[in-house]
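Before anything else, here is the set of structures, which you'll find just below.
Next come two complexes built around chain A: one with chain B, the other with chain C.
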Partner chain A sequence: MRHAPRLVAVAVVAFLLSGIATAAYAAWSASRPVASAATIRSGTFGLDARWVGTPAFTGMWPQDPRTGVVQLTHQGDGRWQYQLSVTGASLPGLTVTLLEATGPDVADCGTTVVTPGAWSTTRATGSTAYVCVRTTLGAGSAPGGSAAFTVQATARNQPST
Partner chain B sequence: MRKTTKGAVAVGAGVALLLGGAGTLAYWSDSKPLSSGTTISSGKLSIATKTPGSWAWANGTTTPAFVPGTSKVVPGDAVRYTEVFTVTALGSRLNAQSSFAVPTYSGSNALTTALGTPAVQLTAVKTGAGTGTITTGTNTFSISSPTTETTFDVTVTVTLTFDSATAGLSAQDLSAVLQNGAVTITQV
Partner chain C sequence: MTAAPRPPRATAARALRMLRLPVVLGTALGLVLGGGGAAYAWWTVTTSLPSRTASAAALSAPTALTCSGFLSYTVRWTAPPLPALPAGASVEYLVSRRTGTAAPVQIGTTTATSLTLAASTVPNNQTSTVTVQARVTHGGVVWTSDASAGVSVQRTLSVFVSC
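Moving on to the complex of A and B:
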């Protein structure tokens, strides 16, 4: 009990100090909400790739080009780009050339070469692109050969605007 | 007279003498009002919306307009929320510091991951008269010595960028629900 007064004194001092410390943190403060609450929705993306009609790459002979037209249609949101690649065209003398086209007819094929593996220019949402696939046998090609080649179309999105 | 009566008279006389004696303690005294009234005026620290916020595309062309909840974002897109506040400060020795609560998403999915943490930017510019000065830091600002009322325009932007490296077909057809943030100015 001899120490009781000291304990009381310590308690009082501690209380006063705590009160001072509390007061030191008091300060004006003003706040406003930043009304950024919003729902952000993502779009979708898809590519429809198909031949226009049925290409006829059979019964070819040297210097007799055959042409098929590929139709690429973007589905979903945002803008897009495409690229084409050709694999399996392993027949000696066979060349496969990709050409830009303005429409679905063979007559719409232009002369601008589409470089395999190169991305096209950015195209509008939902637009359709046409690419001509032209096969040619060289002058020295042996008769009776065949090859199964694949045209692979790949698309990627680009920002909406 | 009865003894009790005599006693009462004696006590009354004594009290009267004491009261008379008290009167002898009076001495000169004078009083004046203070020469001037003293008014203590408090300062001011406030923040209010100056221009209501709005969303817009943050890259590429701005049309068609971005409409939250309706427009569809794709990888590579960036959208931005912009709101302008007015901060008013007055105080002979007032110093204040800003802070910002970054908006968060309600829930998480592949889209919130692709959008990432909102990028926040605060810019503050003094407008009109006023002696206060403003120091801008990285998305913060501080005010000092606005001995006369000083106002500042504080522009807050919150930008969301859809990661262009989002692979395959992930994060499609989802919603990210962003909540409010908060800008605070606190005396220091």
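Moving on to the complex of A and C:
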């Protein structure tokens, strides 16, 4: 039993030596420099979010919607997605609806609802998205009230194709 | 009796064994966290757009109420200024009276800015206060203004009314 560690050590050394011997008979290999040196660099990512013009959501009558358009422009590399959220729309009877749009005009607003907090489809690098913000006073509303609301836009990158 | 000191090799082996479990746990934790992090390895930016104010149109009460009468009485008022109404919206005026401490009673409606009412719309031998409210209806939603300042109406001998 006293010689057991030595036996183990001898076995390990023998194994290592046999491994080296195997490596000595490994397949042939060759290396060549790549002709044109590739540059690896980190990307950038940003979002420019703004109102198109100065939309007014004031002086609303019941069921008399007001619409503004938000422009979201991707900056940087890669593809991207966006999501929107609305806070502070606390006026009784006020509904704020987000709709997909094809351009910066109110007439470009579609009928497809953009769900707050849900990611959009993946969009191309540097592309611009438009979203309509529509406010409506419905049941439960009353004359004379007001509330400030904020639209928050979040973007995240997606791998390039 | 004193215990013999352990040989240095045994001490090192014991230290290695003690180190092994935390290393394994740490590696597993690192893989889990690292793997989770890789799933969320997006860049994210958030921007708040300038706040906007949403406001309901103001609907003021009619003003400058006047009243004249003998066997009936006519109430006139000035319509409140209204921002442009959407197509399909309607405006009408509700005329009510309050007598004593009783709840207001609606006694007429009109889309004009005056209304002639029968003497019987106010209680006999009592003084009532007549007020007017503006009401806008659109898309099934109704907004009503506050009541205007009131005018007093008295009915006497059942058929005579004075303001």
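Here is the rule we use: the second predicted complex is superposed on the first by the 120 of 161 C-alpha atoms of A that agree within 3 Å, B and C clash if a C-alpha of one lies under 4 Å from a C-alpha of the other, contacts with A are read in each partner's own complex, and residues count from 1 in each chain.
Keep in mind that, in the parts below, contacts are C-beta pairs under 8 Å (C-beta built on N, C-alpha and C of every residue); 3 or more make two chains touch, one makes a residue touch a chain.
Keep in mind that this is a model prediction, so the values were computed, not measured.
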Greater chain A contact set [chain C / chain B]: C
Partner chain(s) touched by A:G138 [first = chain B, second = chain C, both, neither]: second
Which superposed partner A:V70 touches (first chain B, second chain C, both, neither): second
Which superposed partner A:A148 touches (first chain B, second chain C, both, neither): second
Touched partner set for A:G59, first chain B, second chain C, both or neither: second
First, second, both or neither for A:Q158, with chain B first and chain C second: both
Partner chain in contact with A:F45 - chain B first, chain C second, else both or neither: both
Residues of chain A at both interfaces, chain B in one complex, chain C in the other: 45-46, 157-158
Residue numbers on chain A that touch chain C, as the complex places them: 45-51, 55, 57-64, 66, 68, 70, 88-89, 91, 93-94, 96, 133, 135, 137-139, 141-158
Residue ranges of chain A in contact with chain B within the complex: 27-46, 76-78, 157-161
For the chain C and chain A complex, residues of the former touching the latter: 42-59, 83, 85-86, 89, 136, 138-143, 145
Of all residues in chain B, those that touch chain A in their complex: 45-49, 52-53, 55, 57, 59-63, 68-79, 81, 83, 85, 87, 96, 100-101, 103, 111, 114-115, 118, 156, 158, 160, 162, 164, 169, 171-188
